[in-house]
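Two complexes follow with chain A in common, the first pairing it with chain B and the second with chain C.
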Partner chain A sequence: MAEFSTAVKYRGDVNVIYLNGFLDAHTAPQLENEFSKLIEENKYSIVVNFKDLNYISSAGLGVFMAFIEKIRENKGDIKLTSMNDKVFNIFDLLGFPLLYEIFKSEEEAVKKFNEIKKLENE
Partner chain B sequence: MQNRILNLTKNVKFQLFLTAAALLFLFRLFFKPDDVLMLQVINEILVVTSVSFFILYLLDFLSKRSFSPVSMVMNVGILNAFLFFMMTFSGTILTGLFGDLSLEESRSGLVYYLVLFFYVFLLLISFSYFFITFKEFYFLKQKKNVSKHFNTMIIFILLASFTAMFGEKWDLEYISLSFFFISILLIVINSIKISWIAFIVKKEKLYVLFLSVIIAILFIVNIVNASDGNSNKLVLDHFSPSLTTFFKLIMIYGIIYYSILFFTTLFHLPTAEVYDRKAQEVTSLQYFSKLITQVLDFDELAETVTDIATKVCNAHGSWIVWKADNEFKNIATKNIGYVDVKLMTEYLHDIFINKADEKTEIVTLEKFNRRSELSEDYSVIAVTPLKAHNEIKGFLLTVKKSDFIFDEEDKNALETFGDYASVSIENSRLLEQSIEKERLEKELDVAREIQRKILPAAEPQYKNLSIASVFIPAFEVGGDYYDFFEIEDDKLGFVIADVSGKGISAAFIMAEVKGIFESLSRTSQSPREIFIKANEILRRALDRKTFVSAAYGIIDVQKETLYYSRAGHCPVLLIRGETVEVLKPAGIGLGLTHSKEFADALEEDTIELKGNDIIVLYTDGITEAKNSELEDFGEKLFEQILIENRHEDAGTISKKVISEISYFSKNYPQHDDITLVIIKWKQKLLNNGDKEWQNLAPQLNTGAM
Partner chain C sequence: MRLKNLKTNNYIDDKKLIVQSRTENLSVVRDYIHDAALKAGINPEKVGDIILAVDEACTNIIKHAYKSIPDGKIEIQVLNNYKKFTIVITDYGSSFEPKKVPAPDLQKYYQQHRVGGLGMYLMKNLMDEVDYISVPGKYNRVSLSKNLNPVS
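Showing the complex of A and B:
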């Protein structure tokens, strides 16, 4: 059975979820839990780092759809970063780049969040 | 003969007793047997007969009830006390009624005999009961068949009793005395082994110890009451010397048995607790081994485990901490409040995490800073790991209050018990898994059946088109769907889709998707329009996590044109000459977003069909098929096979692709549905007659697929 794990790091107001391994129908609930926890704590600025993710199935993609509405309603967002080509290809085929901002690196995603924060504060 | 008497019914025995007693009564009214040997013998025979039938009757009467040894000891005590009072006051009462009993004259008349018989009857009840109780005691927990010893003793007691009458008048006392002493010897021998005492608990042993002294003393007092110079002795001897002797022997049996009982109990007392625990362990393990076969319900099993755990080590409470999803959960609490359990589990958290061996660990609560919050004065906890698959899956916790400890015995008992519990829990879980597996398999059978019925049974037949489709379901139904719609004679609609998720839920969504495309294909002839409407419906129907990727195309045979759109699906491949064109118009998966965003992103492309163009639709089950090194089959290899076989008809190409995939992933299980649809264009000729001729051959080929 393919293994999957997640880790969460807080970078200021931005929460970064790191994905590792294989995200499919069997491991998707783990990621769902992570999102649920963050939302419970009213943390809506979320970056998902795909650096160590080897594979994502359609059920894995579904997880992002499950939470995005709630997060955007609360002026937050999910931004995706550091995908390998194979994973990006899967996202790309489904038209995810039209629905989500996808960045090359985690830094860019975090910076984007911080810029928005600044604009709001001004 | 003996058996025939023993086999008589209870009531008949009682009637025989009454008859013998009545005969005796009449006999005594009319004869004075004191001096005439013959009369004395008749008297004794009647007495012995009455007593025997009464004892036999009482034996039947009592055999229906089963008493514990301790309650039998107690019953003897009560009856003994009654006997003591009766014998102590009988002298006074009898003398008051009839004058000096040593005088011949006072011992006569109807009233005297009535009172005498009543008095003897009361005595009879007492010592018959004693006799039966001694018999019960004797056979209690005996391993060998020892009835011979007991029967021999009865014979000698009877002989001693019966010969007693000769001693009084004919100086043959030595006969009776000999039998008397042999009887006593046999009584001692028969009383020595009291094995049942080992099987009662410590509390009962203390109780028996205390009672046995009192009862032994009562027996002594009662025998003194019936000895020389006492009115009881006078009356009894007058009634029947045999009865006096029999009575004495029963009393002696009582003294001996209860004295030995006292000492035996005394010797058993220091080891009583060990016996208690061993007995407890044995019963617990027996109880538990029965439960191993009743593991259908995990929660019920856990309850039983904690219940027995408290008994195994005499703990005041017990619960199980079960590891699930890296969290510790308290289950099956026994004799202990939930809040207490929660507090103590928190305190023990570090131990749970660091515990690696299988030994029971004893933890005191002395350093527990929230001990005062506990509702009871708990002081020490035994932590016993529970394993499954050689991994610690949980802990069995037993707790004791202040002033109680877990000793080495408790620890061993808990460790042994922990092993038993682990095995049962493991069995329970395996059973649960296999039931779940069976359920899933049934569910998947249904899903596969739905999928099979949804997919088209055959490819449509079109002039200028060679069509082939292959579908290979994965074990866990993957949610692939494809279909053809014969819109008009010269228009073919086709769709390929992949529902996210797997199994029965994916199969149901497939069915829904089929319905949607089935109806939309009739109302609209634009793939883009169809997708926009389909998205609208699916956005409402599907939950947020679920979506459908699809590609839809329409071939207008007349116009030699392909119109197509892609909603998040794998690209459509067009093989033209030696090149593969990857047709990938923009589009988001169905159900992912609202109508406007979906429509804005969605493109529809048009391609004019030329020569022997081949249109290939597929799902990611093909490109993501894996080999044992977990490498993907991939687009490159797929395209290469398509180019190599471009001259073949659609059926042959699809077969070739599938055989290559099977070869590639022969050592790796298929984890997603594989769907492949190939449509090969046969260019029309300008001349109408030629067109008809041209199309005959390819259509035959198509049918072969």
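Showing the complex of A and C:
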């Protein structure tokens, strides 16, 4: 059975979801649950860290499409970080970099959210 | 050699893997293709492309041909004629017309909150050849091929 797990860490107002293992049609519902939980709690600033993700299929990519509009309607975003080349190539092949900001490091993604917050408060 | 895993009802023999149409079996299929592709001498960098293409084909079969009914049969056969490495995947679910699957349009998916056709698009981009045969009421068969030792 495909091994997959998620963990969530709160970094101030930003919520980081860590992905580990294999994200396919079998494990995608687990990630859907994570997004649903965050949205229920009105947490819309979400960074997804791909550092420990070994594999993604289109079913996994579909999860990001399912929630992005709702999150952006609430002034939030899903920002993606730390993908290995294999995983990035799949995102790239499907044109996802046009729809999502992809960062090299989690720090950069979190910083981007904080900068936006700062601008809004000025 | 024929091994049967009694718990999952999956069969593996030298030439064929037979699994039931459940998403939990996708990892069984990926492991099988991984080993077969390495054994055939496929460049390890390309093995990942083949695994993903086969995963997408099987995911489509589970969701569309068998509409998530878990006891449909999926047969996976690996052929290697030293020019081409081919995976033939057969199911006995609803027939399917690949021409009716439109090319993916991300902007449209964005508005509809759903994704469809991405799997097919990936298969076509990751493999050198993708062929479908559908005999309504009998079977559907998709063949995915990667050329071996291409002149580059």
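Criterion: the second predicted complex is superposed on the first by the 122 of 122 C-alpha atoms of A that agree within 3 Å, B and C clash if a C-alpha of one lies under 4 Å from a C-alpha of the other, contacts with A are read in each partner's own complex, and residues count from 1 in each chain.
Convention: contacts are C-beta pairs under 8 Å (C-beta built on N, C-alpha and C of every residue); 3 or more make two chains touch, one makes a residue touch a chain.
The model shown is predicted, which means the values in this text are computed figures rather than measured ones.
Annotation for the three-chain superposition on chain A: chain B and chain C clash.
Of the two partners chain B and chain C, more chain A residues are in touch with C.
Contact with neither chain B nor chain C is seen for A:Phe88 once the two complexes are overlaid on the shared chain.
When both complexes are overlaid on chain A, the residue A:Ala59 reaches chain B and chain C alike.
Of the two partner chains placed around the shared chain by superposition, neither chain B nor chain C is touched by A:Tyr100.
With both structures placed on the common chain, the touch criterion links A:Glu69 to chain B and to chain C.
Annotation: chain B segment clashing with chain C after superposition, chosen from 344-352, 398-406 or 434-442, is 434-442.
Comparing which residues of chain A touch chain B with which touch chain C, the overlap comprises 25, 58-59, 61-62, 65-66, 69, 86, 90, 93-96, 98-99. Residues of chain B that touch chain A in their complex: 498-502, 543-547, 549, 567-571, 584, 586-589, 592-593, 597, 601, 620, 632. Contacts from chain A toward chain B in the complex involve residues 25, 58-59, 61-63, 65-66, 69, 86, 90, 93-96, 98-99. Across the complex, chain C is touched by residues 1-2, 22, 24-26, 55, 57-59, 61-62, 65-70, 86, 90, 93-96, 98-99 of chain A. By the touch criterion stated above, chain C contacts chain A in their complex at residues 23-24, 26-27, 30, 48, 52, 55-56, 59, 62-63, 104, 106, 109-111, 113-115, 118-119, 121-122, 125.
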